[in-house]
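Note that chain A is present in both complexes that follow, paired respectively with chain B and with chain C.
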Partner chain A sequence: MARSIVIIGAGPAGLAAALEAERQGARVTLVDEGQRPGGQIYRQGSPALGGKDVAEAAEIRRKHDLLDAFCRVRARLDYRPNTSAFALFGPREVHVATDERTQVLGADAVILANGVREVAMPFPGWTTPGVMYAGGAQSLIKGQRTLPGRNVVVAGSGPLPIVVAAQILRAGGKVAAFAPLHPVTAGARNLAGLWHGRGIVLEGLRYLATVMKAGVEQLTGFVPIRARGTERLESVVLARLDAAGRVVKGSEREIACDALAINYGFAANSELAAMAGARMRYQQLTGGWLPEVDSFGRSSVEGIFVAGDMAGLRGALVAETEGRLVGAAAATAPEAFVKQSFEQSWRKELTRRRRLCEFQEVVRAMLAQPRALFAVADDDTIICRCENVTVRNLRFAFSAGHLAPNTIKRSTRAAMGWCGGRTCLPMIMALAEIHAKAAPSAMMTPRPLARPVPLSALANPTKGQSDAEQDR
Partner chain B sequence: MPNRTADVLIVGAGAFGLSCAWWMSKRRDGSRILVVDEGEFAGGASGRNGAGFRMQWGLELNIRLCQESIRFFETAAEELDYPPGIGLKQDGYLVLAHSEKALKTLEAAVGTQHRFGVPSEILDPAECIKMVPPLGRERLRGGSFCGLDGSASPFLWLDALLRACRRQGVEVIYGVRARSIEPVEAGYRVHLDDGPVGVAKVLICTDWAAPELLAPLGIDVRTEPLPKEILVTAPIPPAVKPILVSLEHKIAVNQVDRGSVIFTVSRARTGTSTHSTSDFLGFAAPKIVDLVPGLAHVPALRAWGGVSSVTPDMQPILGETERDGIFVAVSSYRGFMTSPAVGRIMAAMVLDGDTNDPIASALHPRRFAAGETIIEPLLNQE
Partner chain C sequence: MAGDSQSPRGEPVGQQARSRHSSFAGDGGGASLNFRFEGQVIAAREGQSVAAALIAAGIRSWRVNESGHHKGALCCIGYCFECRCRIDGEADRRACLTEVREGMRVERQIGLG
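Moving on to the complex of A and B:
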């Protein structure tokens, strides 16, 4: 009998996994929060909006190839857009919800492909309307065909800020300043890595060229230290920091703008894996708490697989390749899975992934996240926006020895609100390190619900199993 | 650590353990009090409950335990020198009846409450709904209300106690388990994870886990774990002013200051897991929507579990065990709301040998063996 598989997330990893699992004869249910498939990187706007795609041609090609392939098999899958997975207790208990209903899906295997979220650095005024994540600004352009502002400052680490600055310009916007934390040449000495990622490097250079050609002021090594404006962002003060996170005197630059797009790293959306009991490890630069997986995405929990950035930030190309590998592994019954022969038949993909991962070392050099960034926040800076918890509140908690996520949460309420700590936890851990010399400790206990669900939907369950469970 | 000693060892740093330690430190300068807890700050039932307190009970001893405790909560910020305050809110408790029988029970309890000065009253269904508009009308027969009842933040309460204890010289250590108690000539040697400690007296405040330490000494403490689960919603504008308790739904509803609504849902279950169970949301949500249909649209944010204790008569156990110098305080699932009074009573008992407190003498640990039963009419005894 065919294997049943539930896949969470319809980005490159989830889509590739769905395609491969379906090709192997599995019955696939694909659950995604988005209205249209593609995830964050291949986000699609409503066709009704029109407008042009501001991505690089090669990226647009990859996107269309993957989405076209998905369209061809879509009718054979149980594809569920606008649906979120809010709890996971094992492959037989995947809790999903729409705005109206909930359902418990059961399958032979679950593939978690729900990616990463962005990390911000907190500074006085960072909660002013108009300050947003770089990826958030990008979603506005890709999904809504809307500019994040008339005059935007883009700041952050890694490649995303370059891409976003270029896409704002290509969409007809103005970039007031571009402040990469590290020189864009940070990883350039890793020649082997560069070679393996030459295609992507080329795309990156084209984005960079867009920014240079537009004559955008580049402030390398500058970070936002204050956002001004009450109703709406009016200006940003950028400055250089010393190793202790103090502002280098005289380096301040105030730049007028109505939007600030920032990104200082990523955190894996790994709550569901942890909730299901998967063994986790901590790796700051690739997403914080990550599930431990083998080369075919198998976690420590039987039947729970992970693919793509959620198993460690490595970008869309790795995600897609890995999605295929994991889709194939999940479609194979555990008793039929022989690792050696699997490695043999998937040699090409494994090699491709390895090479792409070598390229990721180049990217990682641009992602380094000095703790000093988090020292910019003053005592009145809000860290947990849901519960209005400031640096002062956190320091009060640290002073009583509350240094682990669970006890900081209990003593300050940080991470207890709407977002469940998705925004503030990486910052809180950095602040505990800076102000109280705390070492990274156990992950915050993951609780249902990983996403908010209306009580009425929880009270309105669809009985029975998913389509993946029914014979066809 | 060789020859480590203390005058009193308190096992468990929950609301009972910390309150007892604080009252002890306040009573007698010089007594060396050591508190150990195997978990982390607020990791047990004291940090997982629904945050409510009430004096609406049907039995004198519960009414008085809670009256005293609520008076203490009212001044806790000053008493414990804790400027953030403990998140006190006194908007009352509305206990709901969905049957004639339940309403009769409430009426009788209000009669008892009046004898002890509790300003409670019976409300008819229309008055209940006027007070809490999202309430469902169906089957609702009325309720009893007392405006002095309310809630506080268990986290802030524990943090206030912890800091006050430490300021007064109490040593509080987390992540250290008491493995066993060994009687020695001058008291007890308690074997902790990090070595033995010699103490004159031991007070066990580990609630449902108390038998684990006491049974090997031949001490019979009759309590069992009572797992509960809680669901909290996103913040919404004020909708539920008083805390609601529905005897029929077995749900308590508390909308806290910042707007979130906390639902504490009871159901027959055993075990000691603090994880939310996979069928909890499906069990709880329909009952919640039946009780307060006006809140059906509100998003649920998070669910968690906690384990409190329950004794055979559902009343606390407070007192010295048959072993001299070994004391026990078991909450029977109202530890947070009774902790101020229990701290005072136990401190007097442990340090001064004062056993004259009428509440404590009724709740002594040997009552079950003696066949004494206490019945609290407002608790469901099925």
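Moving on to the complex of A and C:
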């Protein structure tokens, strides 16, 4: 009998895993929160909108190749858009929900390809409407053909802010200032890494050229220290920080703008892996709490696999390659899985992934997130936006000995709101580190529901199995 | 009301906003449609989300939370829940995931809505 596989997430890792698993004869259910496949990096807008794609040609090609391949097999899969996985207790118990109904899916294997989310640095005024994540701004351009504002400041670490600034310009928008935290040459001494990622480096240089040619003011090493405005953003003050996170006197620059796009790193959407009981490890720069996996994405829980950025931030190319490896492994019965022979037959892909990961070392040099950034937030700065928990509230909790996320949550209500701590938890961990010298010791216990689900949907369960489990 | 979303003559404001290049769908894509935000008629494109249409019209805040803080879009992809507002009378709808429709009634959500 063919293996049944539930895949969660339809970005590059999930799509590639679905394609490979299907090719190996598995019955695949693909669950995705998006309306259309592609995830964040290959986000597709409504076909009704049209408009031009402002990404690099090579990226557009990768996107279309993968999405076209998916379209060809889509009819053979149980593909479920607009569907969230909100609890996971093992491959036989995957709880999913749409706006209207819930269902428990069961399969021989589950592949988690939930990706990462963005992390901000908090500063006074960062909750002003108009301040948004850089990837959020990019999703407006990609998915909505809409600019995040008329005059945008872009700030942050890593390559994403460069891409977003360039795409705003290519879409006809104005970038008031571009403030990369690290020089774009931060990882340039890693020649081997650069060579392995030369295609992507070239794409990055083209984006950078767009920003340079437009004459955008470049403020390397500056970070936002204050946003002004009440109902809407009016200006941003950018400044340099010293090693302790204090503003370097005289470095402040106030820039008028109606949108600020920021990104200071990523956090893995690893709640479901932890909920299923997978062993986790902490690695700040690649996404915080990550499930431990082997080279074929096998977690510590039998039948739970992980692919792509959720197993550590490494970008879309790694995600797609890894998706294929993990899809093949998950499609193989555990008793038939012989690691050595698998490594032999997938040697090419494993080498490709290893080389691309070497390039990621270059990227990581640009991603470094000094803890001093989090000293910019003053006592009144809101950290948990859902429950209005401020730095003052958190410092009080720290001083009372609450240093782990579970007890911080219970004592402050931080991370108890609508977003489930997705926005605030990485910041809270950084604040605990700088204000109370507390190293990350434990993940917040992930409990169902990992996503808000309407009571009406919970009251409307679909009985029976997923298509993946039925014989066809 | 958000500054330049006001229009003394009451004509749709999104169109002008677009000519100031907040939206670049171009003439080829997305049929024009009108919806209302706080009673004000706003022009949008078919296929745009409510959040994108509001941003294109120069509006940044469409919720005031229990503490009086203005709220708009943050993640733009559905997980942060900051962009909740009242849509066609229903509270807590995410503006970033809801496609705008002709005649839709969007209201600023106050507190729990």
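Methods note: the second predicted complex is superposed on the first by the 472 of 472 C-alpha atoms of A that agree within 3 Å, B and C clash if a C-alpha of one lies under 4 Å from a C-alpha of the other, contacts with A are read in each partner's own complex, and residues count from 1 in each chain.
The rule is simple: contacts are C-beta pairs under 8 Å (C-beta built on N, C-alpha and C of every residue); 3 or more make two chains touch, one makes a residue touch a chain.
Fair warning: this is a prediction, and the values are worked out from it, not measured in the lab.
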item	value
Which of chain B and chain C A:Thr128 touches, first, second, both or neither	second
Touching partner for A:Ser46 - first (chain B), second (chain C), both, neither	second
Which superposed partner A:Gly149 touches (first chain B, second chain C, both, neither)	second
Chain B versus chain C as contact partner of A:Trp418, first or second or both or neither	both
First (chain B), second (chain C), both or neither touched by A:Pro461	first
Contacts of A:Thr407 with chain B and chain C, given as first, second, both or neither	first
First, second, both or neither for A:Pro452, with chain B first and chain C second	both
Which of chain B and chain C A:Phe89 touches, first, second, both or neither	first
Residue contacts with chain A in the superposition, chain B compared against chain C	C
Footprint overlap on chain A, where chain B in one structure and chain C in the other make contact	417-418, 452
Chain A partner contacts - residues on chain C that touch it in the complex	2-3, 20-26, 28-31, 45-49, 51-53, 55-56, 58-61, 65-67, 69-82, 84, 97, 99
For the chain A and chain B complex, residues of the former touching the latter	87, 89, 93, 95, 102, 104, 387, 396-397, 400-402, 404, 406-407, 410-411, 413, 416-418, 420, 447-449, 452-456, 458-459, 461
Residues of chain B touching chain A in the complex	40-43, 47, 84, 155, 158-159, 162-163, 166, 174, 232-235, 258, 276, 278, 281-282, 284-286, 288-289, 295-304
Contacting residues of chain A [partner chain C, same complex]	33, 35, 40, 45-52, 117-118, 127-133, 135-137, 139-140, 143-150, 171-173, 230-233, 258, 382, 385-386, 388, 417-419, 422-423, 451-452
